[in-house]
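Have a look at these structures, which come just after this line.
Both complexes below contain chain A, partnered by chain B and then by chain C.
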Partner chain A sequence: MIGMISYLAFFSTMAAIFAIAVLGLNLHWGYTGLFNGGVVAFFGAGAYGTMILGGRADATVLGGFGLPFLVALAGGVVLAGMLAWIVGLLTVRLRHDYLAISTFGVAIAFESLTRNAEWLTGGARGLRGFPRPFEAAVGNNFVYGLLFLAFVLLVLVLVYIGLERLVRSPFGRALRAIREDETAARSLGKNPTRLRLTSFVIGSMIMGVAGGLYVSFYAFVSPQDLAPILTFQIWAMLIVGGAGNNRGAILGAFLIWAAWTASGFLLARHAPVAMQIYTGSIQYILIGSVIVGMLLWRPQGLLPERLETSAGPDRTRPAGTNTTATTNKGVT
Partner chain B sequence: MTAGPILSTRGLTRDFGAFRAVDSVTLDFGRGRMTGLIGPNGAGKTTLFNMIAGELPPTAGQVLLDGQDVTGLRPDALFARGLARTFQIPRPFRRMTVLENVMLVPSAQTGETVLGALFRRRSMAAEQRRMRDKAMDILEFMTLDRLADQPAGKVSGGQMKLLELARALMGDPTIILLDEPAAGVNPSLTRILVERIEELNRRGTSFVIIEHDMDFVMRHCDPVIALAEGRVVFQGTGEEARSNPVLLDAYLGSPA
Partner chain C sequence: MKNNLTSIAALAALAVTAHAGTAAADCTLPVGVVYPTSVDWGKPIAETTLWVADMINEAGGVDGCRVNAILRDTQVDPRVGVDAARALVDLDRVQLLIGAVASGVTIPILTSVAAPSGVMQISCCSSTTRLTEIAAEGGANGLFFRTFATSNVQALVAAMKAQEAGYETITILYKNDDWGQDLGSLAAAAFAGAGIEVKAQIAINDDQPSYRAEVTQALATRPEALYLALYPKEGIAVVREWISLGGTTEFIGTNSLKSDEFREAVGMQHLGNFIGTDSSTPRTGSATAFVDAYTAHFNAPPSGPGLPNAFDAAAISLLAYHAAGRDATGAQIAAKVPMVTDPAGEPIDGDVAGFARAMELLSAGQPVSYQGGTGAVTFDQYGDVSAPAVFWNFGADGAITEIQYITLEEVAAFGASIE
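Now for the complex of A and B:
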């Protein structure tokens, strides 16, 4: 029983961490139309940043400053934001496939950096040892797992609320406008370059939050955590859940992570031994098929984007006033 | 407000490779006027608009808005200075409502920055209420109010043209460049469009209108300017345009 709950807590913690990253990608792609093909770079910047600042001291690398957890996490997020800002300045004029290719390249370069800058990142063997927040106070591993899950869920809720406020504000409206038609938005006084850059940095910082939580959960990070498959998984989660819908993004994260976990489990359990060495590759194929299938049959995702109508969940008129928003004054 | 033309071009030229689409165009657009811009397809009218509105950098020449050199300014900066334009092929924000298309426009909204959107929610909400009222007034003026909550990509082509003008109006422009506003619009919507343009013009907004319908241009525009092969070939009143042999030759083809 405890084993089951403990496994569910583990599963939910991972899914919630991915959900945060998917929310970041949703700001990029769902609301701004930015094709970020290098999610893992910003996730990784948050992960390594948090680890270097908050990890245990280690004589072989520069980092391991052992800073308090929240400070380290904030530092990782800032690092992800700075990386996004630099990448954004260089690429934000690029659109769609060009942006996708350059961000994909950034992710490869980042992974290669973590593999080679041994003095900072520990190279291929990675960084190990992260004083888990509040662990001493709790002691019990099982309770600790639940507590960490609660913390991750809290962060997920906060990120969700913050993003919902953003995307339903005039800022979000401007982002959607440049997603729909950048030329028209510019001719109506909007500055697409600045809006795209802002969206890119904020979304990437959210990916950094996910990365920071991920390493504090595992107390370990290595270049293998930054494989391109993570970018594809996060994309699959967004496409399945529904781009342009933050609830969809979260739903997609839980569904795809469940499918991923279950497929790994089933393959390990029931596939012939000869096939088991290909488990990873089979899962790659599965995730690719899910993306392609979804794009073919339900490109809007399970929870499609909803129009911001004036009769909908209305935050600009106080409750009780007429929501059809017609006036009978003329312009004159 | 100074006297003198509201908008001028000085030797405005644009090459596409070896092809000169607009050739040294020097024009003054009168304040409060409704200037008609005519010319056959490919004459360079849209290219001229694109240069004036900052969408396309000129190869040579200048654009003066209210006497000030604005050459090289971006479209958003020009819009902020009171110059609005619409597109020959409408460019609605398709997956946004008609109302959102209009409410988007005012610049420097409180909720348009990240910090404003997150932390100044009261003043943002109050401001949005005012903007919504203004946007609804404009939509009503353009007879689009009943479509306010429709996705802009789903309204008819004619309604999209009306929406283009509605969006421009939300920025309180002093001059509006209209690129073939009536092309492909059914007669009843065209009538609404023309009435509204005249009404706005009476209230002081200057217009430059590219239009193929000669009747429309003769009836409503003064002066009329004709371009052909990138050059100004005629300037005068509508009446003069009708009887001008050069124009008949360049624009209407050989007289029937």
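Now for the complex of A and C:
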């Protein structure tokens, strides 16, 4: 029983960390229409920033300043924001697939940087031994797992509330206006460049929060953590959950991560012995099929975007009139 | 009628139980195996591990219990690997984790699952010196072992060879991953210690269409010899460009280049002076026995990387589990590892008969000296293995030939001499 709770706490911690990253992506794609193909770069900036500032001293690298956890995390988030600001200034005039390709390139470049800047990031050997925050004070591994989960959930709730307020504010409406029709928004006196850059930086900082929590949970980071598959996983979570809906983003993170882990668990347990060796490949096929199925039959995601109208309470927009790029692909 | 059916069912159930009772013991012990089965080179490693578990069961099981090896795929993804390890520890209640391969997966499993939960972890194939550092800092709680020698053995004997050959300058080309970066810097230190000037250390990235820039840079340093810590794929591309630009054919290479593909693609006419190093092919009967047994079992010789290491990791950890008893915790299993690898103990072969004999002795409190696919393994205080080394080359007919065997003692003596 304790084992079950312990595993569920572990699973939920991981899913909640993913959910925070998905919320960041949702601000980019769901609300502003920015196709960020380089989620790992900003996740990684948060992760490495936190690790360098808060990690244990190491003779071979510059970092390891051993700063308090929250200070290190804040530093990681600021680093992610700064990276986003620089990338944003360079790419903010790009649209859709062009932006996707350039941000994807940024992610590859960032991974390459962490792999080669051995004096700073430890190279491919990675950075190890982040002192798990407050572990010594708690002592018990099981209780620690629950407390860490509570902390991550608190961060998730704070990010969620912050984003909900943001997207319901005039700023959020302006973002959606840009997403739908930039020229029209400009004609109404909005500054799309500035709004897009702001959205890009805020969303990336949220991804940085997820990265910082991730390294403090794993006590290790290496370039292997920044493989492009992570960007794919986070996108899959947003697509399944529902772009433009923060609750959908969280739901998608938990569902996809559950599918990812449960399929591995069930195949390991129930697949015939002769098939054991192929369960990894079967898992890929299963998850791929779920995502393709989702795109074909419910492209708006499980929880579609809700439109606020001045006439009354929230109403779900009929799928046929949805105008975001994702949904168009499925509807036409 | 209903009664009849019930009794038949009961009989059948009895028969099944009785059968199970004779085939295996009356209890099962879960053991977690986390290897990247969705990658082509990961599959044979996982198969080898499951094969060892079968043999241990055939020999009587761990402390009379059938080993239930639960295989989970890491997908070479740290998140998937850590989740699998966590599920094995929390849900399947394993006390022993065998895995993983990539250091970037092995380390987070150690730091966030095995060490905090007090579960023993043994890896076949992670080579990074990061793991030694973590153990030295006390981050592994003595729970981590690996049967893959750190790259230092190869770096040392490479320097030994370069000194013998009388080279005064050398340039290092290394694969730009954790293995290559480790080996590159260890080799640079060893060459420098042996009085050989390292002209340059040049990183070679995977999957580049051309290595002209790197090769030109290396060529400009005019070294007497070239040290290659590369895999065959980029090794072929680099060496071909190097030779076509007129570079020297004095090469020292790592065990990763032990490949017919490399020989064929570069051409024997350029590999006459090539000397390879290896740490994982010992001169023991047990190593040949492993190759024979593997070939008989899988109908193919062990050709992928890390197979003897995977075999030994599984065998040593399961024998230690046996010595510690069925109710042992990870720490108790780890504490019994020296008993399985005691050089003073009775030599034990890695087969069903050997396992049965080892379990008999271990149960009686006698230490054994396990002789496996990588020879007689011993771990140091950080869970690392050292190893004897060999030099090899591509012989007259192009076949990979061992030319000199360097014992563990000789490697250690050379290491001490250059410090």
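The rule is simple: the second predicted complex is superposed on the first by the 284 of 332 C-alpha atoms of A that agree within 3 Å, B and C clash if a C-alpha of one lies under 4 Å from a C-alpha of the other, contacts with A are read in each partner's own complex, and residues count from 1 in each chain.
Assume a residue touches a chain if its C-beta (ideal position, glycine included) is under 8 Å from a C-beta of that chain, and two chains touch if they have at least 3 such contacts.
Predicted, not measured: the structure shown is a model, and the values here were computed from it.
Visitor: Could you say whether A:Gly189 touches chain B, chain C, both of them, or neither, answering first, second, both or neither?
Guide: first
Visitor: For A:Ile277, is the partner it touches chain B (first), chain C (second), both, or none of the two (neither)?
Guide: After superposing on A, A:Ile277 lies in contact with chain C but is clear of chain B.
Visitor: Tell me the contact category for A:Trp119 with respect to chain B and chain C: first, second, both or neither.
Guide: After superposition on chain A, A:Trp119 lies in contact with neither partner.
Visitor: Which of the two partners, first being chain B and second being chain C, lies in contact with A:Gly264: first, second, both, or neither?
Guide: The second partner, chain C, only.
Visitor: Of the partners chain B and chain C, which touch A:Phe171 in the superposed model: first, second, both, neither?
Guide: first
Visitor: First (chain B), second (chain C), both or neither: which does A:Asn141 touch?
Guide: In the superposition, A:Asn141 touches chain C alone.
Visitor: Which of the two partners, first being chain B and second being chain C, lies in contact with A:Tyr98: first, second, both, or neither?
Guide: neither
Visitor: Starting from the residues of chain A touching chain B, keep only those that also touch chain C in the other complex, and list them.
Guide: Comparing the two interfaces on chain A, one with chain B and one with chain C, no residues are shared.
Visitor: Which residues of chain A touch chain B in their complex?
Guide: Against chain B, chain A makes touches at 162, 165-166, 169-174, 176-177, 180-181, 183-191, 198, 202, 244, 305, 307-311, 315-317, 325-332.
Visitor: Using the touch definition from the top, list the residues of chain C that touch chain A in their complex.
Guide: Of all residues in chain C, those touching chain A are 36-39, 43, 46-47, 50, 70-73, 75-80, 82-84, 86-87, 89-91, 93, 102-105, 107-108, 111-112, 116-117, 128-130, 133-134, 137, 139, 176-182, 203.
Visitor: Under the stated contact criterion, what part of chain A meets chain C in this complex?
Guide: Going through chain A, the ones touching chain C are 3-4, 6-7, 10-11, 14, 56, 115-116, 118, 122-126, 128-129, 132, 135, 141, 144, 217-220, 222-225, 227, 229-230, 260-261, 264-265, 268-269, 276-281, 283-284.
Visitor: Residue numbers of chain B touching chain A in their complex, please.
Guide: Within the complex, chain B contacts chain A at residues 53, 55, 74-76, 79-80, 84-85, 87, 91-97, 99-100, 103-105, 107, 109-114, 116-118, 121, 124-125, 128-129, 132-133, 136-138, 140-141, 145, 148-149, 151, 167-168, 171, 203.
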